[in-house]
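Structure incoming, see below.
Labels run A, B, C and D following the written order; every chain starts at residue 1.
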């Protein structure tokens, strides 16, 4: 039972981290209609900038400065890249962000090389906050949870209680109308893109020390982020939250329990083939849940898209 | 009863969420009739169009084409039953040539369907028919121009060409003269008259001159309901129509 | 030449070039690169049936090529061990059929919509199959893949396909067949309607065509030709691995097609040739070739969305107007500074990279035949100065270039 | 200055046969490994060591065959089997007869298969495959061939040595096996089960699982399972970011007992673990560096560090490859008669610079040598890794590990 609790907490950390990326991505998608393939690359930039800055001035200033730099970089990409491609249509936009993702990975390797960076959590948080049945829960993860929840509350406040938030909400539903009202929609776009990428950057600084800071980190997370917002429903912040947590827990629990296909098949009344080593079905019989855990999100996405294209919480069809 | 009407609407309703856009519309349009639907902005004319052509499915009621219920069919299935439409916002294939645009309109009707064993350039009948329609809409000289770079009026003419190409018996045109100058409008109306000879025509139109010039009968749609459906003279004379809508429109025209 | 033969001329030239190439580039490596080019061309053409002609952006098309290839390696092994009678030249047909079969399964639910939904489903299916390749060892052979031997089948006209040359001609023949078939497909009602649905799916529906079925057909056809490419891969490399299925391969075919120009039939062909050369040659000269490739790709999307072929195609109008000569001088004037700028930018990148990553003490680097100390600021300053000079020269030439360009595209007499 | 025209010309040269043989006075060794992409760090490190070893151990000693120098020609295979095969063709076209590769058993499998076919189809242009790091046991068992030589201890041998040590430790009662889901990870797990069962049947294997390679973002759930199992030790074949992720999660969850690994060192990994890894982290590997086994090795290492302060000698066996190849060529009296060179390598005995005797076993072309258990520590380290102050120190040694082990190899000799 205690293991379930530990897994719930671990899954929460993973899910909230995902949400920090998804919130920005879904905002960008709902405003501009473009799925930013390079979103996880900004997350990676956040981790690398965070690492570099922390070697000069320490972790805490880096936590503030790195996301700002990433946000500015994101805003510039929107202003000088995406806006230019926008007029060609959605497919070229998607291709542009795809190319950008490739390019950012190369640029990161250009500056930092290919090895893993020794990016560490600050000393002050290097202790076990508590432990459950011998499982230490690092203080840093508690800190991650607080940051993620804090961001969610701030976003919620901005979107529902401030003028800017109302414009954004309006722009989500009626882009042309808002433009007619005299609001500078391109500026709002640039702002949203900047803030979205800054959020990704912040997630990068926070995740860098735990999940590793290396050139492949964007790819590892990138497609999962996509999957999450598609499953949650494109353009729905609540959907993004729900799907992030769902996928966080799905992956955590799938990795935690060694359910084997053999048990399942035997329960179903099938008999194990005698010549298992050479049987064509040998892979099916030896399959375990942790083995397929990381691909479950993709399966979930394909199913959702095939049967409920608007996603679990989405209102509009993509 | 005589032969079924070309289009028959029976108690047709459509709601989006809680908003009822079309309320209990009943209407019959006879074969060969030229019918116009008019009404103020937001009356639901385009929605009614989309209900008939299968883009939307009605919340309630029936649409019949030559007596056959079609309200649950997809647009392409309705098209295959002899109904063809144009759009309010120009709806052509911008990255294909004028010739190819028209040819796309012909393919299904000429029984090529999804064939991948016919080469379109090697079908003399297809080419001949395309050329005929091009000359019918006076665009033979623009044959190889990309549709996307035509002038607005030319695109509208092309759109009509695509719409009639398949030889459908029922032609529905959604504001064919919207945004045109007087001379362009005159030209397009002439064109419509020519190419829809002996066909059933349903047209949504803002321009009253066009409507009274073209239509045999007129239906007036206000807030999703048909308040009158009669000959142009009677509609013009109807007090209800005057009150609801026409008065202001006629004043504007004057 | 008579009018009836005119459309056949490019095909004749292509066949001739393909036949002659091995006599010019005879080494095993050159043949391997050319074989790879042929495979990439077929694959990119198949991909463009989706992207360019059907308006469907796929992030997982490697799956159909890979599955076709895997199936063919198994066929080769059956030929070798189980006495299956199958001459090697027919293998691509079976690879194609397997690709087609799988595309038909996935197509039933992925072609319902174009745009983002299609892109996401293709990504999901791609990741799924790539991940399965590690799990389902019986078919995919795990991470080391499945290998076979192409020479074990019955000989055809005395050929056993042990030599690269024989494989090259086999690939070349299948390249001609596939390219011709794909071209002809684009000229059939199904192919034409694929373009129509790409341009305006709603309009196509009101002309009697189901957009879903039109897309489904393009998707299946594309899967078939991708499978042929996979089979040729199997014949060439005699091994298939997870790499043939993963996102990187799917991404690079997108890159190739877009770079070449998705709007043109020959776009993917040009893209495949340029990309393969860049990949093999550039990586010989520089470690950061992928960076250049990334820059080139992003620049293409931003500035020349019609790709390399588009760049060539915009010269047709001046050519037909007989004014191509107007452009000769302006091109000559900007060629040198443009080349200088490209070299200067590359130099800046190379010097910075070397300064940052070279071993300590190894401060000498050579670039374009010059040898210098990368840690000294002078070379970097020199490169930057050259770049600045070239930009200045380019800016000076730009107005007159633009003028000449407008003039060359102006249908009337000299204005 | 090489302009665009030069580049095009270069292309043609690279593609044409003109390149076939440059200078016959060097013995060229093609180094086919990743020099770009995610695994480039490991590849570059290998390349640097190869170049250094060729220079230091052969060229400065007067070369082979009375003066011929070794030249290492790098080829970037982007860790892709397909690219490797293309680069193999390019190398063969350039007249190169020795192919060195190490990173990824998948690539090694593709190469050994291709080389076998190539040598059968082109008897006049045969090549030899010097595998310095790919440790999939199959390469010297079911898939062995006459042209392939492995200089690293394979996964089975390493496990044999490791379990020898574990068998002596009475504290260990429960062991958790975890690895990446592919042939190497599976080979490690299978070997562990086999040897533990034979040597210490009382040890309970409380976990034996595989996770998808390179796809796990967060290893915490695995760490929780390991904690819950009450394991006294972990054995893993993980490498790269999967190694770092697993190790860090396990240690963060409070695991204080040994973690036996194959590849948890260098290319940033040692630095990333730092002080946290001290204690639990152990490595099983050939080649002793701390304490230095000989004066010769100290000098060699110092020279290396002077030239490449940012690089590590992560794969000591590379020096053995170079020295043994040089000996074989001299013995065969030819650098072009591959059958003779291969025969000379077969059964060769060699005293490694790293202090071990090495025998290239004739029956399967597997090098038999000392295998060490190394501890990740900052005490008594003469040569650290990643310039982190931490390095690997020999904790225990198994002499000539698995010298009499079985092989399923049925070597066919020409």
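Quick note on the criterion: contacts are C-beta pairs under 8 Å (C-beta built on N, C-alpha and C of every residue); 3 or more make two chains touch, one makes a residue touch a chain.
It should be emphasised that the depicted structure is a prediction, and the values quoted were computed from it without experimental measurement.
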Exercise. Chain by chain, through touching neighbours only, how many steps does the shortest route from subunit C to subunit D take?
Worked result: 1
For this session: Determine, using the mean of C-alpha atoms as each chain's centre, which chain is farthest from subunit D.
Result: B
For this session: Mind checking the centre-to-centre distance between subunit A and subunit B? Centres are C-alpha means, answer in whole Å.
Result: 48
Exercise. How far is the middle of subunit A from the middle of subunit D, if each middle is the mean of its Cα atoms, in Å?
Worked result: 35
For this session: Express in whole angstrom the distance between the two chain centres, defined as the mean CA positions of subunit B and subunit C.
Result: 44
Exercise. How big is the gap, in whole Å, between where the Cα atoms of subunit A centre and where those of subunit C centre?
Worked result: 31
For this session: Please set out, as single numbers or ranges, the residues of subunit D touching at least two other chains.
Result: 37, 181, 212, 215
Seminar exercise, completed: Multi-partner residues in subunit C (2 or more other chains touched) are 131, 135, 288, 290
For this session: Mark out which residues of subunit B touch at least two other chains, giving numbers and ranges.
Result: none
Exercise. Can you name every pair of chains that touch?
Worked result: A-C, A-D, B-C, C-D
Exercise. In their shared complex, at which residues does subunit D touch subunit A?
Worked result: 37-41, 44, 181, 207, 209-212, 214-218, 220-222, 224-225, 227-228, 241, 244-245, 248, 252-254, 267-269, 271-272, 274, 386, 388
Problem set entry | Complex interface listing, subunit A residues touching subunit C | 35, 81, 84-85, 88, 90-92, 94-96, 98-100, 102-103, 105-107, 109-111, 113, 219, 223, 226-227, 230, 234, 280-283, 287, 291-292, 294-295, 298-299, 301-302, 305-306, 309, 317-318
Exercise. Subunit B touches which residues of subunit C in the complex?
Worked result: 184-185, 187-193, 195-196, 198-200, 202-210, 213-214, 217, 221, 263
Exercise. In their complex, what parts of subunit B are in touch with subunit C?
Worked result: 53, 55, 74-76, 79-80, 84-85, 87, 91-96, 100, 103-105, 107-109, 112-121, 162, 166
Problem set entry | Contact footprint of subunit A on subunit C as seen in their complex | 51, 55, 57, 59, 109-110, 112-113, 115-117, 119-121, 123-125, 127-128, 131-132, 135-138, 247, 251, 254-255, 258, 288, 290-291, 293-295, 297-298, 301-302, 305, 349, 352-353, 356-357
